[in-house]
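By written order: A, B and C. Residues from 1 in each chain.
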């Protein structure tokens, strides 16, 4: 069994944003030399997500509005914010979008359908954050 | 390490539906000869899900109503549909239900609790779609 | 490839609750001797979740309110309950919070960001339930 572990870093200047990290993950797959295995990509922070969907700006704007409706930012709505935080909403938005993806590696590539792209989803930006990429296989 | 990779195909004649794919995944587990490992099952399309829940038609009807309430089909609600698509809702419904499941393989079988069944969830049907099954282990 | 499979048991005396299982998972990681690999933790019941977020009681109270708003308990709202169950809501809450997490094992430890903790989320308690922990690696 071979494995590789790498960390991606982000400092997003807005509270909420989506960043396409597919090229970063693809280079780690190639660096690993793994032809067949599983690739985990996860947010290391609990106010951020890693998810797979379409790289289309209209859709991302739709996601922002939808998540804001499902879990509005207004800090007065969350008991969590009594700890001094103002990011209660981000802990909820992240649960909708998910923490991680697991992607098959086949013949040395991410085994993707036609439109699959991997995104880092930030819900409490303006501070340094990380995502983890781990691949195991042969 | 052994591995197996297979693809399941679907053309669902409705916009939204849930298909029990547990028997298909079980045959791939047996074909693989893997006794101990991890099994990834994921939708390869970004308007579809793979998830685990109960095989009960009342629950599936409840899911359809609930997803329609959380992300209504009405194409005028989504900026994504300005690209010429009418499936903005499906990209949202899929985020609620998830892209993938990872299931333990123990003693050559899916290591499941009493009611766990794997479903392909379609939210923009009437066209050919695929799901991926990848197992690694020994 | 090495692997380990363990089961955690719960009987929660409330309908809904969140239990921090990070120490249990950490002991299984140490017992396994695996230095580098992937760790799957999943609920084995379809009215429960395993997820990663913050160990903060205010946030957990927020999650309970939010899930109750997104999928209220009222048994009359769900066709699933015509089967004699009263847990239709729990099957929906679990989809929001997710079934499983996959965590990287690096240098013999859960490779976590600063606040990541693993929770078992119960949505239909007062009966025995299980979660599965499976680690593969070397």
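One rule holds in what follows: a contact is a pair of C-beta atoms (placed from the backbone, for glycine too) under 8 Å apart; a residue touches a chain by one contact, two chains touch by 3 or more.
Since the model is a prediction, treat every value here as computed from it, not as a measurement.
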item	value
Labels of chains that are neighbours to chain B and to chain C	A
Homomeric contact chain A-chain B: same or different residue positions, threshold half	different
Computed distance of Cα centres, chain B from chain A, in Å	20
Two or more partner chains touched - positions in chain B	1, 38, 70, 96, 98, 102, 136
Interfacial residue positions of chain B with respect to chain C in the complex	1, 36-38, 51-54, 56, 58-59, 61-63, 66, 70, 96-98, 101-104, 106, 111-116, 136-138
Residues on chain B engaged by chain A in the complex (per definition of touch)	1, 3, 5, 38, 40, 42-46, 70-71, 78-83, 88, 91-92, 94-96, 98-100, 102, 130, 132, 134, 136
